[in-house]
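The next part holds the structures, each set out as structure tokens.
Across the two complexes that follow, subunit A remains constant while its partner is subunit B and subsequently subunit C.
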Partner chain A sequence: MTLDEILDIPPYSLRKDDKEKLLLARLNELTELHRENCPEYARVYGAMGFTERAGSVEEIPFLHTAMFKEFDMMSVNPSEVVKTLTSSGTSGQKPSKIYLDRATAQAQQKALARIMSDFIGSKRIPMIILDCPSTLKDRKKFSARGAGILGFSVFGSKRIYAFDDDMKLDVDSLREFLGKISKNTLAGGGADLLLFGFTFMIWEYFCKAAEKSGLDLSNGILIHGGGWKKLANEAVSPEEFRRRLHDVCGISRVHDYYGMAEQTGCVYMQCEYGHFHASTFSDVIMRRPGDFSVCRFGERGIIQTVSVIPQSYPGHSLLTEDEGEILGEDDCPCGRAGKYFKVYGRLKGAEVRGCSDTYERS
Partner chain B sequence: MNGAEFLIGSADMMNSSPLPVYDDRAVNFIADISSRLMNLPESRAYPDIAALGFWCRKASIERLKAGCPERAFRLGRGVCFHVAPGNIPVNFAFSYLFGVLAGCVNVVRVSGRDFPQTGIILEVIRETLKAHAEIESRSVFVRYPADNGITAEFCRHSDARMIWGGDETVAKIRALPAMPRCVDVCFSDRRSLCVMNGNAVLEADDMRLMRLAEGFYNDTYLMDQNACSSPLVVLWLDDSNVAREKFWGAVRSVAEKRYRLQAAICTEKYLHACSDAITLPVRNVLRENNVLYRLELEAIPEDIDSLRGRGGYFYELAIGSLEEMCSIITRKCQTVTYFGIKAEAVRDVVIRRRLMGVDRVVPVGRAMDINIIWDGFDIVRTLSRIITAE
Partner chain C sequence: MTNLEKYDSAFTETFGIERGQLAGLKYQDIEAWDSVGHMSLTAALEEAFDIMMETDDIIDLSSYEAGMKILAEKYNVEF
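Our next item is the complex of A and B:
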């Protein structure tokens, strides 16, 4: 099956055996493709003794996500690269560089659209971007935030940024924007208004500013991502996040997603029951730290993600530094097929003993 | 010294006169420390405290003393300022005791990090000093947050400095003026390696193999391979796959039992191996699980000193003769541990080929055994001066 055909399959329709068959064939194909076209991947493949033709998705060899920070890895001629994604990277770290050719970039967009339509419908609806316009300044070099905004923007029939470049909430424009919606589209059932933003930005800027604004967004659906690390530092739980949002603007349909710049497009959306879901186009495997063997369902492990999309760079199977737990497969009460899981966040940093250069910095 | 917290002693003690080296008062004090440490219930929980206590036994100090026949003509240099490393808990105590043996007035800056060992050892020193007035008046322990002003103040009074903590710390402290005749003993960033004889491994019986594997474990995993003296590269003489498998199999089973493998170390090692596969002449990455990674090199990497590894991550390479060891020894090389080879043979190569590296050659298992000769320095002699009379 071609990538395009795969992406035509409804995103939460395949059950275990069918999905395994589909993924295995495609992922084996990608391993071969990258081995032939990406010299760095070929070196790793040889030295690490990667499995030649995996017999199951669990046997598909993986790279560590941070490899894209250290190396410029691509499986296409540099002249075919149309976009370079860079991950935000935690402070002080090198960002990941993800090289996209036209086909991979389009597939990312299509996969995202397919996944999103399951949550907001296939009709485009008015959209509020809970961020500022300057995030998108340089179109050739995207930050993860910029890529996210751009990727999700296609679901908006018309769009407005909630903040100006000084991160001040533009209440008047928002009110005017909302006023037009209620006249035009509010009659129907589904979502009438899409809100999109990054978890931390929403908490830090939107919740505070919206409190005094009196905006009513109760007819909206909010999609947010980017992780909880900063919020966890402030001891903000997902429950509190949702409660606060509801309090400040009446919104109750809030969906987090798990995803990474290294596998853009294949986001793992949170369903109505708070579970993250793997779509037909990707999958998650939890691995035990001791030997990377596969965890049982319900057992906490290191998250590996596989995706059918990455053709222009060897990112089809990646070991992350996040911890998670598979909750089940094909039987989530929300009705979506595939694995559903929970994310615990970043692995705890290693504590090590030793003596070199350990004098406290002065 | 405003801002420094005096844990033991006071600033005015820096005016005390030095003592002769291996003075009886110093030897008795250290022996007293030893028995207190060895009787401490905490010694059971902290092997490093037990090792410290064992090192300063009266018999072992007497042996060191006997090794310094000119001791009657040596006096401590004066004030010795010890900048202890932040990451090996017991090191400050060794540094201090070396200074005591040399007859110095010792000012020890202990790390701000909160190791339980620091408090336990300081308490023993504090209690022991009460019965040893001559040492007590020459012992100062301070703690202060990173502050070059306070360090500069201590340096100004220093006749000797023991600077632990690596290149960066050494450069920083040395930039601060000290007494004109001040002697610095600098412990810079070092690397270490191991030379194995494959045939000797093949011949080793179970008992010997077990001891070898445990020794290697103690040299490496015990400090997460972060100690300068932990070998990172294993060189194989009389190499064979059978020997390698036998050795590493034994090491792995010790590590599986004793090493606390953290998840973050597992992903780090995987990333490291994938990166190395791209940048280094790696033939194979061998890992049965995540406790032990072996990177088989097919040639010597260009920048051997840039190799890193922690938490059970090693490079290995076959060599045809001991002489071939020379091509990977740089001035950064500190310790060579060995098995199935004669120590003298290794030293002989170092001397004959006039290498800039290798200060110590010790059997596998002894990489961490710190003593008064360390990093190529004879510390007690360096911290004291000899008075000649003709």
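Our next item is the complex of A and C:
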């Protein structure tokens, strides 16, 4: 099956056996492709002692995400690279560099669209970006935050940034924006307003500023990502985050997502029951820190992610620095097929990284 | 203005290029048609033809010719 055909499959429709078959074929194909075209990948592959095609998804070799910080990992000619994503390198650390060619960039966007339409519908709706415009200042080199904003922007029919570049909430413009929405589109069912932002930015800037603004965003659906590291340090739980958002602006539909610059597009959306879900286009495996053997469901381990998309860089199977736990497969009460899981955050001792965490107050 | 002229203007004005450059032009061929430029192009086309494109169509609009086909087939724009 070609990548385009895979991306036409509904994102939460494949059950265990069908999904294993699909992923295994595609991931083996990608392993081959990267062995042939990326010398660094071929070297690591050889050094790990792999010689033949994997017999199951769990046997697909995985790279540590740190490889993308140390080396220029690329499986295409540099002239074919149209976009370079850099992940958040917090001070003193090297950022990851992810090289995208046209096909990979487009597939990422398509996968994201498929996944998101399951939550917000295929109709584009007015969108408030809970960030500032300068995030997209350098068009050639996006931060993970910029890439996230741009990737999600396609779902907005009209878009507005909630903050100016001094991170001041622009209440007047937001009010005017909301005024137009209620006249035009409030009639239909579903969400009428999309809000998108990064978890830490929302907590640190939006919640505080919105409190006194009197904005009513109760008809909105909020999608946020980027990790909890900084909020965990401030002892803010996801429950507290949601409660406070509801208090300051009336919003009740809030979905976190788990994702990484190394596998942009294949986000793991949180369902109505608070579980992160793997879509048809990617999967998660938890591994034991000692010997990297596969954890049982319900056992905490290091998160490995696989994705059908990366063609221009060898990022189809990665060991992250996060800890998680598989809660189940094909039987979440929300009705979506596939594995669903919980994320505990960074492994102890791992480098501190998280894309919304890169905004430092000066 | 004919629909073709409107269509061409959306490209030439958004990307600051000449009409002569349009045939065969693909996403990411020129610096201006990057992902930020793509959102501006979408907005310009939507305004020119008073339409609201679906997410999938925006993603599939990967070349000058592909966009024309999408507008003709899905949004009843006659060229």
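The criterion applied here is as follows: the second predicted complex is superposed on the first by the 347 of 362 C-alpha atoms of A that agree within 3 Å, B and C clash if a C-alpha of one lies under 4 Å from a C-alpha of the other, contacts with A are read in each partner's own complex, and residues count from 1 in each chain.
We adopt the following convention: a contact is a pair of C-beta atoms (placed from the backbone, for glycine too) under 8 Å apart; a residue touches a chain by one contact, two chains touch by 3 or more.
This structure is a prediction, so every number in the text was calculated from the model and none was measured.
Participant: A:I302 contacts which: subunit B (first), subunit C (second), both, neither?
Facilitator: The first partner, subunit B, only.
Participant: Applying the touch criterion given at the start, work out whether A:C132 contacts subunit B, subunit C, both or neither, answering first, second, both or neither.
Facilitator: Neither subunit B nor subunit C is touched by A:C132.
Participant: May I ask you to decide whether A:G290 touches subunit B, subunit C, both, or neither, giving the answer as first, second, both or neither?
Facilitator: A:G290: touches subunit B, not subunit C.
Participant: Report for A:E323: first if it touches subunit B alone, second if subunit C alone, otherwise both or neither.
Facilitator: Touch status of A:E323: first partner only.
Participant: Just checking: does A:E70 make contact with subunit B only, subunit C only, both, or neither of them? Give me first, second, both or neither.
Facilitator: first
Participant: State whether subunit B or subunit C is in contact with more residues of subunit A in the superposed arrangement.
Facilitator: After superposition, B is the partner touching more of subunit A.
Participant: Is A:G46 in contact with subunit B, with subunit C, with both, or with neither (first, second, both, neither)?
Facilitator: first
Participant: Subunit A residues touched by both subunit B and subunit C?
Facilitator: No residue sits in both footprints.
Participant: Using the touch rule from the top, collect the residues of subunit A that touch subunit C in their complex.
Facilitator: Those residues of subunit A that touch subunit C are 82-83, 102, 105-106, 109-110, 113, 116-117, 122-124, 136, 139-140, 150, 153-155, 157.
Participant: Under the touch definition given earlier, write down the residues of subunit B that touch subunit A in their complex.
Facilitator: 83, 85-88, 91, 111-113, 145-148, 151, 164-169, 172, 189-190, 222-228, 261-268, 270-271, 273-278, 282-285, 288-291, 310-311
Participant: If we count contacts the way the header does, which residues on subunit C are in touch with subunit A in the complex?
Facilitator: So the residues of subunit C touching subunit A come out as 26-28, 34-36, 39, 52-56, 58-59, 62.
Participant: Name, in rising order, each residue of subunit A that touches subunit B in their complex.
Facilitator: That would be residues 40, 43-44, 46-49, 63-64, 66-67, 70-71, 289-292, 302, 319, 321, 323, 347-362 of subunit A.
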